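Below you'll find a set of structures to go through.
Shared between the two complexes below is chain A, which has chain B as its partner in the first and chain C in the second.
On to the complex of A and B.
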């Protein structure tokens, strides 16, 4: 019998607001000392009242609009109660009754073609803190930096059926949320986390199988492995009766490549949701709705088409449009240099090369597209050689405020228009290495490279390589 | 009367009940759980009073999280004078040791105290006085209230504490807060709700009758009418109040601050032992009741119905305010609560709040004067104070 896997995802995304959801503490918890960004409010002390950060609602709405959701014009916050030391008030403020966005649709593309994944809802909520276990002291410490950092939880319908689709879906969420600039979506930083709900059923059946839930997955590779493993485990149980499947929460051990049932307490599970009386329902009027709608970026597909119409190949257009940071860098550079192919080449090959060398992601790109455009102009106007332009690009990465023109002048990187100087250098180099000259004349074409290199070095690269080569060969032939 | 008496050189002295957080001065909220707890910040209402020249002269005793009848659940015992239960703040005022008291009205205890001690109290419209810096219990209805021995003293302090506060998400706009002090205070018609007059003793009945007489003497029309669903406020408020309280006191788990059990061998025991030792039996009962009403099984059957009842009560009140300037009702069933009363019925607070719950659940302003209570339209504090002045013993 053939089986199909039915997968639904709950994706938690940390919103990139400056401050937390209900207090003014910094929301940037990654890489800070423990309990550096805390106040009586996010520590659950009595007497502090939550005041909704409007930016969080903006971001929640934006995310909803990017995923084609309907926005609830009256959205409410509710309390979810449970005890854990990383939850200082013993309740999490979330959205249970009227989430900010519902009924969305995300289109994904895999080797099997295009497919729509329905979004059930997106709700806003506060994150919990972190427990840090100290093995030496055998104690556990609590870090509240992450407490009340705003999150959205994106709940999909069980529309996914393979690891490949899940990967495509997660990548699509990343792209769209990054386009809207509402989230970093970096699984390695914990700014994107994922719960996977999976069941298996005979192909064509409309009944769902027994569901396993894997919580807090934080790498796409691990998610893919877990899906493969779970699918095989479920099929094995159905076909061979190796075990009785139960609806349960499982923990994925990526090192062992296995999942384990988590111990559940008999009493667990009732979160006693109720509306938070301290947070008034948030009413999104037309003006607010429209201002958020107007702030949405072009979708990746729109950019892609635009780039193709500028004469770029489909491949290049797709690569540029895949990341908002890269797309914006390209567009800004193009605005200045007005040469789409040059701008695309620089972004795709040179900018990417520097990013890779620095171990940075596209999203960490801070290079000004305008400066890149000016640099491209220097090359196109034959003011700077390509080799030296790459040096200037490196410098631009170090200092975003750098002016490429000024930098080229100040660092002696401007190409020489003085052919007299070039002639002089060529004459000197030829005179200093008669052996190479003789070899070249004797038919060893490669021998020119040594001479060429010496000239280039003396001219500090400030000459067009093609011109130098031609002049050098002419000079030798004249001997 | 005090949990802590303080010296102040200020001319106007304020006593804050132990639900009001005070920076550098312990706030226990009547609970062993918070014994010795010092807040990092002070209540906004108190800060405003201090900025206006009031000096804090002490913290007065309250029952555990101000949920009880008259302080009988305080972890260190009730305040009893000649077998009668007394409210800490009211005693401080009666002893002339403070000019005004700042209290958190969660379940009507300050109104009951004013009614039985011949004092004036006002529970302003919900959202007109910031709740920032008060120990949270039943946030959807609890209100920072004032009590004093004269209408003038209450009015003076009210003008200071009323105002919008960005730190409180339920705070009304500055314009609406301002209207509390500016709205017309003329009173022409007052309604008496017949079904709110049940179970009252002769003294309270006499207070009501004398109040009606005083109003009529002053040319105010008084009409007795049926009270409709307003009498259902008690049941609904007990549900909402206990549920919210249960959630709010969950934070006292022995992990971060407050009472922590000495004996525990794992996290669950730390929670259980700390809370078992830290909370009193009255509160525990209320916690279990509140927790039950919020369970998945009961939410729609119980909690949601209570929320609907709240809306019905607000609607009925507002309909009344189309015809009347205020509604007269008792604040208590009897003129004094004895230790015996509590021995006979430990949970008397959940019955006696029949009289105070209508204003608590609806967020409407209420004054107590001359031993009776008047509930008014939102932001109509001036009308209530006009009546309070007519009924006050001092005014006669």
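On to the complex of A and C.
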């Protein structure tokens, strides 16, 4: 019998706000001491009242609009019972009855073609703190820095059916949320985490199988491996009766390549949701709604088409449009240099080279596109050689405030228009290496490279390579 | 509400009820269920969802970081702290 895997995802995304969702403590605690960013509100002390961060609602709406959701113009917060010391109030403030966004659709593309994945809802909620179990044997240490950091949870319908589709869906979410600048979405940093709900059923059946949930998955590769393992486990259980499948929460051990049962799966009733009496309904009026709508970016597909219309290849256009950081760098550079192909080449090849060398992602790019455009102009105007332009690019990565023109002048990187100087250097180099000259004249064409290198070194790269080569050959032929 | 549901609720709420208390809870829920059945009989097909009993809305604040408390002040009443952490009895998932 053939089987199909049915997968739904719950994706938690940390929103890129400055402060927490219900208090004004900093939402950024990377590298800080434990409990540096806490107050009575996020510590769940009795009597403290939450005050909603407007930007969290802006970002919740924006995410919803990017994923084609309907926005609930009156959205409410609810309490979800949760007994665990990383949330000291013993409940999580989240959304259950009227989440900010519902009924969305995300289009993904895989080797099997295009497919729509329905979004059930997006809700805003607070994150939990961190527990450290290994400092002392007798106690658990609690750090509330992360408590109340704003999250959105994106809940899909069970429309996914393979690891490939899940990967495409997560990549699409990342792209869209990064385009909207609402989140970093870096699984390695924990700013995007994923719960995978999976069941298996005979192909063609409309009845869902027994569901297992794997929580807090934080790498796409691990998710893919877990899906393959779980699918095989479910089929084995159905066909061979190796175990009785139960609705449960499982932990994925990526090193052993196995999942383990943690607990029977909670149902919504177990959480005993009820409206949070401390947070009044958030009412989104037309002005607020329109201001968020007006701030939406162009979608990647629109940018891609625009780049193709500028004369770029489909491949280059897709690469640029895949990341908002890269797309914006390209567009800013293009505005200055007005040469799309050149700007695209610099961004795709040279900027990417520096990012890779520094171990940075596209999203960490802070290079000014305007400065890149000015640098490209220096090359196009034959004021700086390509080799030296790459040196200037490296310097721009070190200091974003650098002016490429000034930097080229101050560091002797401007190409020489002084043909007299070039002639003088060529004459000196020819005189210093008669063997190479003789070899070249005797037909060994490669011998020119040694002479060319020496000239370029003496001229510090400040000469157009083609011009130098032509002048050098002419000088030898005159001998 | 049956005894199994009640047992589950006890567990979820970390409560231990005496037999008399269990009887009270079961009787209470029996009455409430009856009331709810009456409510369910009402046709709400075209009724707009009520999100709050009063026509109120929340205030929102700007996304600005303000440090309002020092850790030491917050931890002054904690039974135990260690290197800036609150300490709680060992818990493992």
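By definition in this document, the second predicted complex is superposed on the first by the 468 of 479 C-alpha atoms of A that agree within 3 Å, B and C clash if a C-alpha of one lies under 4 Å from a C-alpha of the other, contacts with A are read in each partner's own complex, and residues count from 1 in each chain.
What we mean here is this: contacts are C-beta pairs under 8 Å (C-beta built on N, C-alpha and C of every residue); 3 or more make two chains touch, one makes a residue touch a chain.
Treat the numbers as computed from the prediction; the structure is a model and nothing was measured.
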| item | value |
| --- | --- |
| Which superposed partner A:260 touches (first chain B, second chain C, both, neither) | neither |
| Dominant contact partner of chain A by residue count, chain C or chain B | C |
| Contacts of A:270 with chain B and chain C, given as first, second, both or neither | both |
| Which superposed partner A:132 touches (first chain B, second chain C, both, neither) | second |
| First (chain B), second (chain C), both or neither touched by A:89 | first |
| Touching partner for A:33 - first (chain B), second (chain C), both, neither | second |
| Interface residues of chain A shared between complexes with chain B and chain C | 40, 43, 51-52, 81, 83, 85, 142, 270, 272, 275, 279-280 |
| Complex contact set, residues of chain A against chain B | 40, 43-52, 79, 81, 83, 85, 88-91, 142, 270, 272-275, 277-280 |
| Touching residues on chain A, where the partner in the complex is chain C | 17-19, 23-27, 33-40, 43, 51-57, 74, 76, 81, 83-85, 97-98, 131-133, 135-144, 262, 270, 272, 275, 279-283 |
| Touching residues on chain B, where the partner in the complex is chain A | 21, 29, 34, 39-41, 43, 131-136, 139-140, 166-170, 243-244, 247-248, 250-251, 253, 255-257, 267, 271, 291, 294-296, 299, 303, 307 |
| Residue ranges of chain C in contact with chain A within the complex | 8, 12-14, 49, 51-52, 56-69, 71, 74-75, 80, 82-93 |
